[in-house]
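Comments concern the structure below.
Chains: A, B, C, D, E and F, in written order; residue numbering restarts at 1 for each.
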Amino acid sequence: MPTIYVINPNSTEAVTAAIDEALDPLRSNDGPEIECLTLAEGPPGIESQRDVDSVIAPLLKRTAALENHAAAFVIACFSDPGLHSLREQSARAVFGIAECGILTALSIAQRFGVIAILPASIPRHLRYFGAMGITARLAGELAIDIGVVDLANEDLTLSRMTDCGRTLRDAHGADAIVMGCAGMTKYRPILEAALKIPVVEPTQAAVTMAIGRVRLGGAAKTFGGVP
Amino acid sequence: MPTIYVINPNSTEAVTAAIDEALDPLRSNDGPEIECLTLAEGPPGIESQRDVDSVIAPLLKRTAALENHAAAFVIACFSDPGLHSLREQSARAVFGIAECGILTALSIAQRFGVIAILPASIPRHLRYFGAMGITARLAGELAIDIGVVDLANEDLTLSRMTDCGRTLRDAHGADAIVMGCAGMTKYRPILEAALKIPVVEPTQAAVTMAIGRVRLGGAAKTFGGVP
Amino acid sequence: MPTIYVINPNSTEAVTAAIDEALDPLRSNDGPEIECLTLAEGPPGIESQRDVDSVIAPLLKRTAALENHAAAFVIACFSDPGLHSLREQSARAVFGIAECGILTALSIAQRFGVIAILPASIPRHLRYFGAMGITARLAGELAIDIGVVDLANEDLTLSRMTDCGRTLRDAHGADAIVMGCAGMTKYRPILEAALKIPVVEPTQAAVTMAIGRVRLGGAAKTFGGVP
Amino acid sequence: MPTIYVINPNSTEAVTAAIDEALDPLRSNDGPEIECLTLAEGPPGIESQRDVDSVIAPLLKRTAALENHAAAFVIACFSDPGLHSLREQSARAVFGIAECGILTALSIAQRFGVIAILPASIPRHLRYFGAMGITARLAGELAIDIGVVDLANEDLTLSRMTDCGRTLRDAHGADAIVMGCAGMTKYRPILEAALKIPVVEPTQAAVTMAIGRVRLGGAAKTFGGVP
Amino acid sequence: MPTIYVINPNSTEAVTAAIDEALDPLRSNDGPEIECLTLAEGPPGIESQRDVDSVIAPLLKRTAALENHAAAFVIACFSDPGLHSLREQSARAVFGIAECGILTALSIAQRFGVIAILPASIPRHLRYFGAMGITARLAGELAIDIGVVDLANEDLTLSRMTDCGRTLRDAHGADAIVMGCAGMTKYRPILEAALKIPVVEPTQAAVTMAIGRVRLGGAAKTFGGVP
Amino acid sequence: MPTIYVINPNSTEAVTAAIDEALDPLRSNDGPEIECLTLAEGPPGIESQRDVDSVIAPLLKRTAALENHAAAFVIACFSDPGLHSLREQSARAVFGIAECGILTALSIAQRFGVIAILPASIPRHLRYFGAMGITARLAGELAIDIGVVDLANEDLTLSRMTDCGRTLRDAHGADAIVMGCAGMTKYRPILEAALKIPVVEPTQAAVTMAIGRVRLGGAAKTFGGVP
């Protein structure tokens, strides 16, 4: 059966496991397989542009090996490392969670806020929003100032995410929140309950779009299988 | 089983039937039901702002009657009539095919082109792209100058769609095409084959996003069921 | 004598009366007549997208009946309900007060702020500003959180309008304020006196532009009477 | 009676005379006086940035002398020379014809085209459109390549204006045209008849807005007379 | 030896002297001469649009007299008075310090903040940023509310600049600061030390770009000497 | 003496040699050294996003080894590979030629055109222009459809560059051209002579800005040496 490979490009298995669990509702018994993988060569967390750039080569190698079994690829890091390189390399559809998370937010709310892990992530994300041409819809982005590995500290993480979310909602006018790191996945339901506005988990958003593409077009980039 | 209602707000059953068929690959045996309906009160084709505005009241009435059985609603007209009114009325997630078709194109190509039915559709669409804040990604929009009902004339329609698509691709720099009318659904595969660039059928795009939302959040607007 | 019909699409006569009075300085003894009408079928206040969409049909019917006597139409609700539908229906020039109020503010100040009635109005207005392509000039929009009918409570309304105006001026950098509801008309002079920056009453702005169009082009859409 | 002074900052009396005639329909027997003046110190035509900058000093001097009799000032050159300086100098409302002409076009059509006199005018205008924040609504600008004085050559001028207008309408998608020079005033009706889309004469647009401001606010900058 | 003339268009010699000193590191023994001049006809400080416009005529006269000895001109006022007029007049390359200061900041940081002298400078600068098309990169602009001459009061000036800089950095998200007045030149090092983010002195930025242009193209506008 | 290292990240020595020669006019006997290096690990030409991403690791390694001798780094490829990673790694100022080439064009002309090597470069560049927030100034980008190595074919290359340049100038309205590949360096003078509008060679633009930064700030990222 065709498989959507969701690649966590950091090496923290707990992040992959949380993603995998969050994707369960999207699995159907006649649908594409959804398999989550950890990129062993990645750093424990992708926290800088150097981290982003450094995982592209192993990511391309890993996905090349998976190409024949793949129906689509999802890159599960909010900086979408290697997105366009993999699109060049692969004959399959390729999705980035930042791109899909934001596009999904645009179908929910007029203004979206983003919760980043580190302050240094914000200029990188702003460059990306600019490249996407959707900056006019951004209410704001705030960082919780916690690295990827320390996201496992639940109380601190959730407390800061809630604080940032409230500020984005009340002071910046965000009508929805996009979680700006795949490592935040498990906090989505409780954060949404706290904020009372939709919270988009970007890997869920990307896999949703990947499933549709695979179902409509098989294992080809385009919908109808045209190369 | 929860049902995604796809409402064709024009009264042309052939359009609904073509949409219904195009959605087949998205149906799964354990997934949400996908049911396509024709709004009998609508005009044969939605070709003006007045047509757009005129279908909102019957659309709201029809969807209100379906609310208890609905998991989500998809409004299957490229002007997304009543999108925000229905979002206010319903406790379910609501999707517009123009919004979702364009957002999906943004996950595929840097610049998208739109093929409209009538020249008069273009200023209306431009207002919408502006409201969406994604005009910077638009390569251009061209009209085939054929009304909704006459879209059934296959040779003429396809010939003009191909001409517009080629111009958008070669002169305007579009890397993907969005079909700007639900009545064009059946031409997607052959148009994509002719143009050799991805062609997005917007109802497929919207239902893809709706399925994910329903699977992730049940019959509530937000992902996790928070009201 | 040719008449500019100013239609208040909500059913609150007091709003119409206040508009009518505010337009007095624009009346001249050789100019077009300016007649203010209340749309009896409208809700007491237009406070949601559903309210906006719901008044379009009666508005089109009412204006159709007035067409032969009309020189121009002004839709006196800050969501400009039915603006483009009426432009399609009528051979007369049609003005929306939101559009004209904002355009007038752009001739006065580099950054304008908007005072809305309800928080839910803001995303709707932001979509409109995006459609107008003038978001770069918006300093911000804040809501007084008072419904249209309760705008009659003068002390509360004025106090909140002044608070919002001060915040828009001092924290958001607005150099002028646009009142984001026709029901606020009577508060313009006192608000301007309190804020010491220009405050645009959008119905006055729209009727100003309508008078010019009628004087220059007679009862035709274009300036010179070309159909 | 309060007077709106319309200052033609070039020294060509024929331009002033044509403007004066075009403003006739806007005059009412109880309204503000509208008086058109020629700036004798100006060049025969304002065709460069240097020309624009050079007329500011005499314009400020002339308007200072008129201040006590003035209700408002209109600067009748499509580069709006001295607009913001005069706003600083004067306690009266000040209007630029480029600003008002474009804002008026935005109330008529989604995309406007501009017909310039010279190719060198275009970058200057683009800077201005950028400063106004309305570039997203610009369909395009084309030059007839005729200097201000030679605009009196009716056949050539009209022929080139019609050519540019058709290209803007058909190839650039303009739904309305703004005449980008006060010296083109007299060609408005015939150009509109030829193009079958609205053609905005910017001095008429500016005086329309000025009349409203004066009627609403007397001889003060703001609507209600607040300094 | 070819000379880059840096014209301070205000008449305050102390400002010119401070600029001259700040440019010392850019002088090389085989490079173009860099000569700083004071425009005696200018006001003590350029603090309004009228001041901006008023210095253009003497600036053009002074630079015309220098043309034969000039390799390039730099206009050392953050409103870039006469920039485009001088570009028309001169066969040499012409640089404005606002333009170059901002462009340089764009090579350093994703979001830049500007410190202005007076609140009234901000709308003028916003018009300029709009004309430059770079508003999306602006974090914000704040004024110290001190006139050009009083910038010599070191304690007050520095204290307010530091306050504005901190707010721009911490509340507005600026990653670099552009000093919005040539009179602030001498405060650059100490401000940068206080803020710990890059602070761009715009005259240094402009002269840097001018040196390259002169070295690459001699005394012609273009790089290679093409007229 | 402090050295600006200009790294050509492709392995084609002829490209490095041409850059080196083009930088000669920028060298001064008391200025920073300018040394051009070829990244041996790079592909012969950087023609895809994969090529861009693949050179980052060796680029970072090479520049790390040079850090102690470096005053600044210039990355001499129009896709600015590794720009932000190197900014993170190095304590020196880092410049990308695309960024600096475009910023320099913005100081010369209102609308710039870009000549790319391959059609596939254009979407990548558009993402970058979006990230830079300067898309409003782009007239257009056209590709000559010649790979980096074949740029050595002078007749063909120059002929196509001239064709693209003319189209950008005449049909797209470009007032200046940026050469979109470091391998085009040597064609700058002849292209400028043919087009009669300024042609920016981006490596020259970047080294110009680097020299200023080094002279003003020594071997530190910021101007004044603050870390």
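Basically, contacts are C-beta pairs under 8 Å (C-beta built on N, C-alpha and C of every residue); 3 or more make two chains touch, one makes a residue touch a chain.
All figures in this text were calculated on a predicted structure; none of them were measured in a lab.
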Just send me the rotation angle from a CA overlay of subunit E on subunit F, rounded to the nearest 5 degrees.
180
Using each chain's Cα centroid, which is most distant from the centroid of subunit A?
D
Subunit A and subunit E have mean C-alpha positions lying a whole-number Å distance apart equal to 43
Please compute the C-alpha centroid of subunit C, do the same for subunit F, then give the distance between them in whole Å.
51
Give the residues of subunit A that touch two or more other chains, as numbers and ranges in rising order.
127, 130, 132-133, 135-136
Between which chains does touch occur?
A-B, A-C, A-E, A-F, B-C, B-D, B-F, C-D, C-E, D-E, D-F, E-F
In their shared complex, subunit C is touched by residues of subunit D numbered 25-26, 28-31, 95, 99-100, 103-104, 106-107, 132-137, 188-189, 192-193, 196, 198-201, 204-205, 207-209, 211-213, 215-216, 221-224, 226
Subunit E contacts subunit D in the complex at 48-50, 52-54, 56-57, 60, 82, 84-85, 87-89, 124, 127-128, 130-133, 135
Subunit D partner contacts - residues on subunit F that touch it in the complex
109-111, 136, 173, 175
Enumerate the contact residues on subunit D facing subunit F in the complex.
122-123, 126-127, 130, 135
